[in-house]
Amino acid sequence: MGPNLNTAINLADFEPLARARLDDNAWAYFSGGAGDEITLRENRLAWDGLRLLPRVLRPLQSAELGIEMLGRRWPHPLLMAPMAYQALAHPDGERAAALACAAQGAGYVLSTQAGTRLEDVAVLVRDEPGRGPLWFQLYPQADAGLTRELMQRAAAAGYEAIVLTVDAPVSGARDRERRVGFRLPAGVSAVNIPAGASPVDKDWRAAAPTWASVESMLDHAPLPVLLKGVLHPDDACQAAALGAAGLIVSNHGGRTLDTCLATAHALPRVADALQGAVPLLVDGGIRRGTDVLKALALGATAVLVGRPLLMALAANGASGVALGLRLLQDELLMALALTGCDSPAAVSRKLLQG
Amino acid sequence: MGPNLNTAINLADFEPLARARLDDNAWAYFSGGAGDEITLRENRLAWDGLRLLPRVLRPLQSAELGIEMLGRRWPHPLLMAPMAYQALAHPDGERAAALACAAQGAGYVLSTQAGTRLEDVAVLVRDEPGRGPLWFQLYPQADAGLTRELMQRAAAAGYEAIVLTVDAPVSGARDRERRVGFRLPAGVSAVNIPAGASPVDKDWRAAAPTWASVESMLDHAPLPVLLKGVLHPDDACQAAALGAAGLIVSNHGGRTLDTCLATAHALPRVADALQGAVPLLVDGGIRRGTDVLKALALGATAVLVGRPLLMALAANGASGVALGLRLLQDELLMALALTGCDSPAAVSRKLLQG
Amino acid sequence: MGPNLNTAINLADFEPLARARLDDNAWAYFSGGAGDEITLRENRLAWDGLRLLPRVLRPLQSAELGIEMLGRRWPHPLLMAPMAYQALAHPDGERAAALACAAQGAGYVLSTQAGTRLEDVAVLVRDEPGRGPLWFQLYPQADAGLTRELMQRAAAAGYEAIVLTVDAPVSGARDRERRVGFRLPAGVSAVNIPAGASPVDKDWRAAAPTWASVESMLDHAPLPVLLKGVLHPDDACQAAALGAAGLIVSNHGGRTLDTCLATAHALPRVADALQGAVPLLVDGGIRRGTDVLKALALGATAVLVGRPLLMALAANGASGVALGLRLLQDELLMALALTGCDSPAAVSRKLLQG
Amino acid sequence: MGPNLNTAINLADFEPLARARLDDNAWAYFSGGAGDEITLRENRLAWDGLRLLPRVLRPLQSAELGIEMLGRRWPHPLLMAPMAYQALAHPDGERAAALACAAQGAGYVLSTQAGTRLEDVAVLVRDEPGRGPLWFQLYPQADAGLTRELMQRAAAAGYEAIVLTVDAPVSGARDRERRVGFRLPAGVSAVNIPAGASPVDKDWRAAAPTWASVESMLDHAPLPVLLKGVLHPDDACQAAALGAAGLIVSNHGGRTLDTCLATAHALPRVADALQGAVPLLVDGGIRRGTDVLKALALGATAVLVGRPLLMALAANGASGVALGLRLLQDELLMALALTGCDSPAAVSRKLLQG
């Protein structure tokens, strides 16, 4: 008898369940980080290391999880982070993940490197009542025309924002992938971009996006654009000044530059620099309701969750993802109540030990 | 041959003895903490991490453990913390625990969720010569009348104070309990409150106590009321201003909000804010005589010990609890002598490395 | 084939060799510390944790290990710490240890609780050319007359100083000893004090030494008296003011008060307070030549080494102790050379990273 | 089937491959550090412990690895550190290592204690197009004439600089070597110095170099001289003032003085003191491209890599060394790109979290 999905009582529980279902190739791809995986581990440890100083006896009669972001109200502050090739995790791939997110009121960010046409995902979920944000993630393409085309397609399909990933001009040192000789299996490919348009190492220098190329994209974007992968406060301010609609503090889940700052440590500095100019989101290592609470306390409006939901997808498809999101919402509501907060907006940095 | 109770030479020794006697259900309930049990562990590590700077050659001729608290003198500063359903640990349950405490001069705090009628416990011990404090712990009930009735019964039975727990408007993420599917066994129930009066998650919002509801309780309480579960200095000051007779710095033994501040770290801040306005107690992770000494040094008048005495109860009933309390008193007296203190009152923060 | 003494190439190597030769009773006695043995471990870790900032190209032509202390010149700054009942470790007991120390130019401090008459040890070594200091350790006795008599005997036998241990008015929580039910084997006893004169717990309060009783001892002592077991700077200053000839910063090898300050952390504070008023020594956790160098850098004139030499004694009697002392001298000379110092006097706190 | 060289995807991978090929004697010699190997480990941990704060969207169109040093331009900032007796690692010894370095554009520093004539190494590589620096390492010899002769030979053979090691007036406590009874096997010897000229412990005092002897060497050196083994800022300034052409911050790979400062911690202090007066290099614990980046950020112009390239040599001779250097260059280029730097010169301390 293999692992039992019913044993998943928190997000971390999906990892061994997924390991049992994934082959070494897919496992290396999803579980690995760059180099010695120091940042991968530290992303988690950084949340664990923050100490809460709860308040008692505050009114909780109307406690709830709703947030406002980019001019709309959403059921809660959770989104599924963009991750490539979700069909590697489960045959239903992006469809299952997006449906589960919509059913749970969570946002879904489709990857440029999705194995499903962006229009096919959008049509499944865009009219779902009570769903969360529907966004499209974009790697800047060497071909500016292609970038523009992808943004137009996303807007036409019903996506509400573009997430532009700026922290990966090259791949990181993915030692785990190299150790297994990772390859995409037959039948899985990035269907939204033309064959050959994917970044190839030999011309990464020419393809690397710059502030100038991003400014041009922002000027012509049909949708609000959030920049993902910003850790330095000065870069955050520059992005906001150029018209970014929001920022995602991220180190690519520890997959690109090992030993870079954990996102929990970068977030408050970026928040202090931005002074609320644009909404901030964060990803990396979030597994617990208390992690989400801490992200809110440090200045985030919402958070993205990556690997653990991917593991949940691998473990049990859409049901797994839905269960994972349900568990995290439950934990977040408990964390709010136990710190004396009746909503995400009531959370402030004072809840953290100085 | 099973574990031998005679091998218990310190409080930690009772844990493996208890594990051998408890089923998985009870073990999960008593041993577990919230979430990843970070606060559960840190409660211990925080005491371990404090360094003593002892003095030598001070007079010890009259060294002893007695303290003053709430207007009376007690044999020593140890109380058994309130813990629910002690019959899960040993058939003699709260009776055995309360008797052992009385015999050893330790205080006993009966839980609202005791499996024994509060009057039955009180009658066993209240006239015991040399006993410690006898207090009744209360979860604020949604029904204010029920709360008042419980306080009246406690006063009538001979309890000397009410301990009002304010840090648990909801249960925490008790993953261990969920993993075993924890249930109260037949025959164990909270006999002091009407069936159905126990907090149920679906109406926790309405039942959650507030400063207003607590103020009203304090105004009508027939006994001194100590608030248990306060970590923030501002909350401590507000409680004192509203008439609380004392405060117990506690994080519910790490069972509600994971990654909240360890009590050893919260205590000095609360003590500094209160400036002695009301007596302070503390629980969480205390296992050694040096831990008690450190609590006194940081501003506590007395300490509550929970899990290890529960484990002693599981290991050997009243004898176990008595042995545990004896060992801890012996260690405390040694710790006083080895730091040059002849009484708890002689302990000051100067004994701790700055 | 058992462990091979020839494998000892550093002081730590003697521990497994000793373990193989000692029974559980003796092992518990010699290896154990108080409580959870946190201070026992931290004594070591504290030396390990100090970082050296070496200098290069300084003149080493006349590099050597000699020191001045209490008005005499000695071959090097190493002494064997006082330890009771050395016959538990090896049949030759104190005789073997003292001879090995003399042969290696190291000091020897005989314990009050030695199993050999103090005169018998002195006569063996006092005329040895090139030996180190010969001191007698004293636990203050409840009977002041007995204390005076012991000091007179020590002076008459040729001891050059008294080491008065002030940090143990009671034994610590020696859990390891209690776990094995430690008892002195037949034939081993404290022959220098009358049967029944040993401190017994039931009257420790009356027997506990005070500043007043120590002052009286200092006034009548026939030899210079060093106080052993001082950690607090104020106690150190008081001892110097009352006429102590020197101080030994010690926490009794982690055997009395667990979680008290490591000696490497206490030493610089005491040195700063004393400003050179009297010579300072230190023990606790010293295993390496670099540890000795660090002690000198923090203000010590000499160091005492306890357990590892006891383990060497257990492993191979006098030869073991001599080898241990030889290894430590070799390491110390290397450490001096590699930091640019040509003598212990050339070592200063500047060698340590600030 | 033994370990497979093809499994080496980062520098650390060579270590198990080398272990499988080396006997205990050679393994102890190459892998060991001084004492408890605390500095050996900390050299690594210190780089791991530095956190990068990357910048995004900076121009990378002309990203490359070239540096300027001592008046010339080199392909990248990597050199192979001087290590004795490379024939112990592989039959091709220094020849293989030097050739691999030249082929990869890396510098090579030949050890005084090489098993190959310095002229034989030089002739192999000095005319290699695209090679890195070719330097000769020197232990100051007791015989000043011999030192001068070696420098003249090195200059005549085409070496471009002398690396004078100043941190080893004596060997360290090489416990691993002593444990295996390390000896040079037949056929391996230091062929560049006369038999008997190697430092012998019994006269190390007389042979120990001083500032005066070094000054005299610098005055007569036919080549630029870099001092290797400097950790203290004052020593660094003195060396620069006396005419050293550069400095190598090093603790001899943790092989001499255990618990001395890690080089990553010493480097910025030395850089701050020198203010760019002479080029700085560093070695010790560098395994990753991000380590090299951090060294550049802290003020180094180039870095030396020792043990891991020796392990690569042991694993697969010249091919192993070349692969190791290739992997490290690849990682360094990725690290530059991912932090927004298009060359080593663009790296500044601002990339490190303050």
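As written, the chain order gives the labels A, B, C and D, with residue 1 at the start of each chain.
Quick note on the criterion: a residue touches a chain if its C-beta (ideal position, glycine included) is under 8 Å from a C-beta of that chain, and two chains touch if they have at least 3 such contacts.
Being a predicted model, the structure only gives us computed values, none of them experimental.
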- Ordered by label, the neighbours common to subunit A and subunit B are none
- Query: Once subunit A is fitted to subunit D on CA atoms, what angle does the rotation have, in steps of 5 degrees?
  - Reply: 90
- When subunit C touches subunit D, do the two copies use mostly the same residue numbers, with over half shared, or different ones? different
- Note on the structure: Between subunit B and subunit C, the Cα-mean centres are separated in Å by 42
- Message: Can you compute the centre-to-centre distance for subunit B and subunit D, using the mean CA position of each chain? Integer Å is fine.
- Response: 60
- Message: Residues of subunit A that contact two or more other chains, please.
- Response: none
- The chain pairs that touch are A-B, A-D, B-C, C-D
- Taking the complex as given, what residues does subunit B use to touch subunit C? 7, 9-10, 48, 50-63, 288-290, 294, 330-331, 333-335, 337-339, 353
- Item | Footprint of subunit A on subunit B - complex, ascending | 35-36, 38, 166-173, 175, 178-179, 204-206, 208-211, 213-214, 229-232, 234-235, 256-262, 265-266
